[in-house]
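Below is one structure, written out as structure tokens; the observations come after it.
We just call them A, B, C, D and E in the order they show up, numbering each chain from 1.
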């Protein structure tokens, strides 16, 4: 094998997965002796992990041109064991635009999080092991989305679950970390078992494990066993995506894991679940043209987005709040993808991408707060913006993005989702989809509300005495956040370009199943559909920004001319001047921060029965969550049996 | 007779679910997970099994058109699955130990700091 | 939900506003309104009754001797400390104090809210009387004053029945003289005296006037239950 | 031109902040009476502000009790310049009938410079309006000097 | 060619700075608020302040000292009002004035709905940055009011989109300029049966969005010391007051553009006057009159009111629009 052959881009998918596992192996082989550098306890192992993730990102990035722009589908047989006798014998990797889209997301998130980890994990023990698990997790997720073989998907699911559980409980001293890990392990294990059962039942029917071949064989030959397998697989991937009713696990796991891992759990693991569901419904079973399947996905998506956003409003912990929000955003993705229109898929994938970016940013900001103050309790924090100005700005960018404030990326994708749902409602003349539009819009506002709560109770407001010595986080951590923040802004300002390069090829790939099958060497007679991405609305963020800038400039000139910035401020030496104290309606100047606990009383009061009910429902007992999983499985089986 | 395998496999899976859902002891939960695993393993093996088939081992001269053997792929899958199951059990048992250290109990109803 | 003011709002929109356009149109205070204090120093006899009855302590006076040996007395009313209760005016026997209807009392500079008047009180031409009783006497009188002054009530009817013929001549200078036949030494006059010029001892049956302190206000004669004091 | 405009506007839009430093409420209800349709000081641009940061004129009523002294002073110090301090009623000017009590710190002028005193116990609404108009003139002067 | 581009640029700059932009917003918004204050006073049988009173307030505040509390985060505290005002002016540009739709093609009604969040968000962040507990309570109430108004607003806008879309045959229409165009040709939307409840619901949303009585819980000066603006003084406060005025103008002119479009002459100056006159009527009816006849609600009552009564009306409208009435 010569060098030219090795640098052929067809090998890049396997390289990108391989470097990560190789990195994990090398780090593990290097032993666990901590380095002497207090700023980087893992020493060169951290650099190995960083290099591995960077290489992986590089390999995937160089695939953008052939796959995304030229529409090639890379099929890769391990050891060149191709099809024999019409059956796929070897283990395959198949990279179409959809896989590459998710892989790029994952690689980006993993790379940024690795940068962040170097400085973030300084206070922990056993950091070398952390990087082993980190690389394993990254490799697992990447392997899952690039795999062309359903059993390999299961293996990767197991690897990533295993690594994720271990990393969740990595900080064993953290309040509830072990508990969260155990709950995640139990329900995750049930999910994995469901996937395995589904895989094996498919194998029993069709005697193949290759995705493309299954996609070729299954449609039209559905029997009860296949339907059962579908239900099992669907529930299995649902546990990975943490959609309702598996959302409590996400909240526990995100809250307890180190922030760099929360980024992966929310930005990467949930995406792998969504990827699995898309592969399942659009490719393997091709059921998405059925109204009942659209209804199921849209319904669960809407429920997820609404239930989780209300749960988030009731949270007192920064990271738990973010965790519920990430499921809420996954709800958007699922609802959009479930519309089964090309605009819907494109919007959903766009939102999935944005979610990885802004939620990663937010988790990293939460991690920065945790790193400096040692807590993420909203009731204890306050006024950090004066000590951590950069983190505050970065957090605000993330918060604006997730709450859909123009011109950040969250708005662009949510706005596409509103249009997609409304268009679907008009096209299908079904008022139910209209309800989804309304729920999505209201959820967006509630999201904004809960981030207002966070910014008030963490970054603004009054600062407790004990945080007076808090410093800004190290540059390495700010760099990681800065990368994500830039991506948030760029993807928000150029929605047309982003959708054109990334999501529309992916959406086209979703619509064009026939090509996916034929690329692997099977015969398919599925016609190539005609895909358009027509939008009814108009939104030109660049023009808007231009006008806003002119307006701001004009105002600023007026303001500066009017000496707007000439303000009276307390100077360093006079510390007791009452002029610069806050006005307390006559009370003495005491610390009285309005915490996040019950900030939106006016809203919650009207919903108190709902909130009480939800609080009691999320009991924290692992048996209850397992019961939800079993009930969900049973319902899925019954539903599939009836409608398919 | 082959149906009995399937019934048994699904019975084991359901039994595993039942154990996880109803037993409030962490160790029993882990046992439930293992039972669930065994059920799936049994299912895989049953699928690969052909009555009267031989072991899928290629030895020189034995391979003829008439001889047939059980499907080798499910057996390979079972191996993987068993390994994963063992890992999960080990992992969960170590978590149970640490949980018992920090909570002083094995009752799931008392291990619920994270809720709501 | 009901909105009781819908009709009100609409009708009021088209009716004349009920504002008193005060700074542009003058406004009279109501009758008997107690506003700015006016002091007539020419009638004041410096009895200091006003100062004693003033709850807010708004009334003060200063006294300076001029070259003739007369007292130049300046009485000032601090409107910034006044409750406008009118008690001083009520108590003023000479009606030197008057509360007008003028309510424009705005103080910007120091002294904007001070009403004052100056008058000269002629020094007493007569030679000073004999030195007063022992110094302990006033203190004793003070102590007596603490006990209720109702003890002599039993004798009252008898005293009233007695003929009201003046047993003693008035002095003519406005200062009081005592009629010992009528006096029951109830000490009311001593307690009411604004200048604390009277000393009365019930046990020793002493009624004594400090001529220097007396301002000839006549309060003692007014308050005497037995009409035993003549002016 | 803008300076003149601002000075003119300052006289036309004075906002009040009312501090009760232990008043008997007599002056307070008279101050409220000034805002009623009968007197309606909004004609002159007056408005009650909720926070000292937005006020131009601070109206203090009550005899400045020891408990309230710090609070009154801090609230007054929080009013941005140009500001005008008005004492209303006799109590803050002298302590009135509470003069000499152990718990009363009046007069207020011992602690801050008071611009306008409105005498009366309680002042008549017209008198209050007089005082406030005087205060706006002082405000305009202060603004002009800047 | 370059001269042409230059002239075009100058023209757009003029749009931004003068006519539907800053100057127009400043003058008309302030006038609207002045008229509102005068009318409320008259309804309460008072004489009320002069109509130019908001201008006096504005200039007076500009001349006052600006105090930044020690607990505040200086930059956010000072920048927030400016950003909010700029964002509001930009929204005003997107709202068509009769046939004038120079900028309307850049944003649709959903975008306008979201752009309306930016000024509120700026105010909220400024309040949070001040560190005052009163501001904390105020921003919480403001946020709840926003949530409360969001649902009826969304339903109304979707109903409008559906109605216009039905008439145009495309099914739905989000574009502001298309809505204006449609009204130019077919008369005002208010003449449609399905739009009447929507118009009423939108009118009810106006006082909530602008934070006027009885929904001014966020600023309740008598209970929480002006709430969000508790620590603001001087020029930033002036900018906030101006923002409030512009917001009144924006919402009323959005109301006019959505439901009373198509009334005009085609000459831009006259149209501006007509739209302004309509805005005055809308302000008088929905802000001043409501202010005069109601008392301040509690925050949970505000929420309940918007999510039951107003949303119900909007929903009726949406259902009617759905079935093509």
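Rule of thumb we're sticking to: a residue touches a chain if its C-beta (ideal position, glycine included) is under 8 Å from a C-beta of that chain, and two chains touch if they have at least 3 such contacts.
All values derive from a computational prediction rather than experimental measurement.
Steps from chain A to chain D, taking the shortest chain of touch contacts, total 1.
Any chain that touches chain A and also touches chain B would be listed here, but there is none. Take away chain A in thought and the touching chains that remain sort into B | C, D, E.
Among all pairs of chains, A-E has the largest number of C-beta pairs in contact.
When each chain is reduced to the average of its Cα atoms, C sits farthest from chain E. Chain centroids computed from C-alpha atoms place E closest to the centre of all protein C-alpha atoms shown. On a Cα centroid basis, the chain most remote from chain D in this structure is B. The geometric centre of chain C is 67 Å away from that of chain E, both derived from CA atoms.
Averaged C-alpha coordinates give centres for chain B and chain E that are 63 Å from one another. One inter-chain figure worth recording: chain A and chain C are separated by 88 Å, centre to centre, where each centre is the mean of the chain's CA atoms. Chain C has its Cα centroid 108 Å from the Cα centroid of chain B. Multi-chain contact residues of chain D (touching two or more other chains): 37, 40, 43-44, 51, 53, 78, 80.
Among the residues of chain A, those touching two or more other chains are numbered 568, 579, 581, 583. Pairs of chains meeting the touch criterion are A-B, A-D, A-E, C-D, C-E, D-E. Put simply, chain E touches chain A in their complex at residues 13, 16-17, 21-22, 62, 65-71, 73-76, 78, 82-83, 85-87, 89-90, 93, 103, 105-108, 110-111, 113-115, 117-118, 121, 124-125, 128-134, 136-137, 139-141, 143-144, 146-148, 150-151, 154-155, 158, 161-162, 165, 170-175, 217, 225, 230-231, 234-236, 298-300, 302-304, 307, 318-319, 322. Against chain E, the residues of chain D that register as touching in their complex are 2, 5-10, 12-14, 37, 40, 42-45, 48-51, 53-54, 56, 78, 80-82, 143, 146. Chain D meets chain C in the complex at residues 37-40, 43-44, 90, 93-97, 99-100, 107, 115-121, 123-127, 129-131, 133-134, 138.
Contacts from chain A toward chain E in the complex involve residues 383, 385-386, 389, 392, 396, 400, 404-406, 411, 415, 418-419, 422-423, 426-427, 431, 434, 437-438, 441-442, 445-446, 448-449, 452-453, 455-456, 459-463, 536-540, 543-544, 547-548, 550-552, 554-556, 559, 562, 564-570, 579-585, 592-594, 599-603, 605-606. On the chain B side of its complex with chain A, the touching residues are 13, 16-17, 20-24, 26, 29, 33, 36-37, 40, 43-44, 47, 71, 73-74, 77, 80-81, 84, 87-88, 91-92, 95-96, 98-99, 102-103, 108-109, 111-116.
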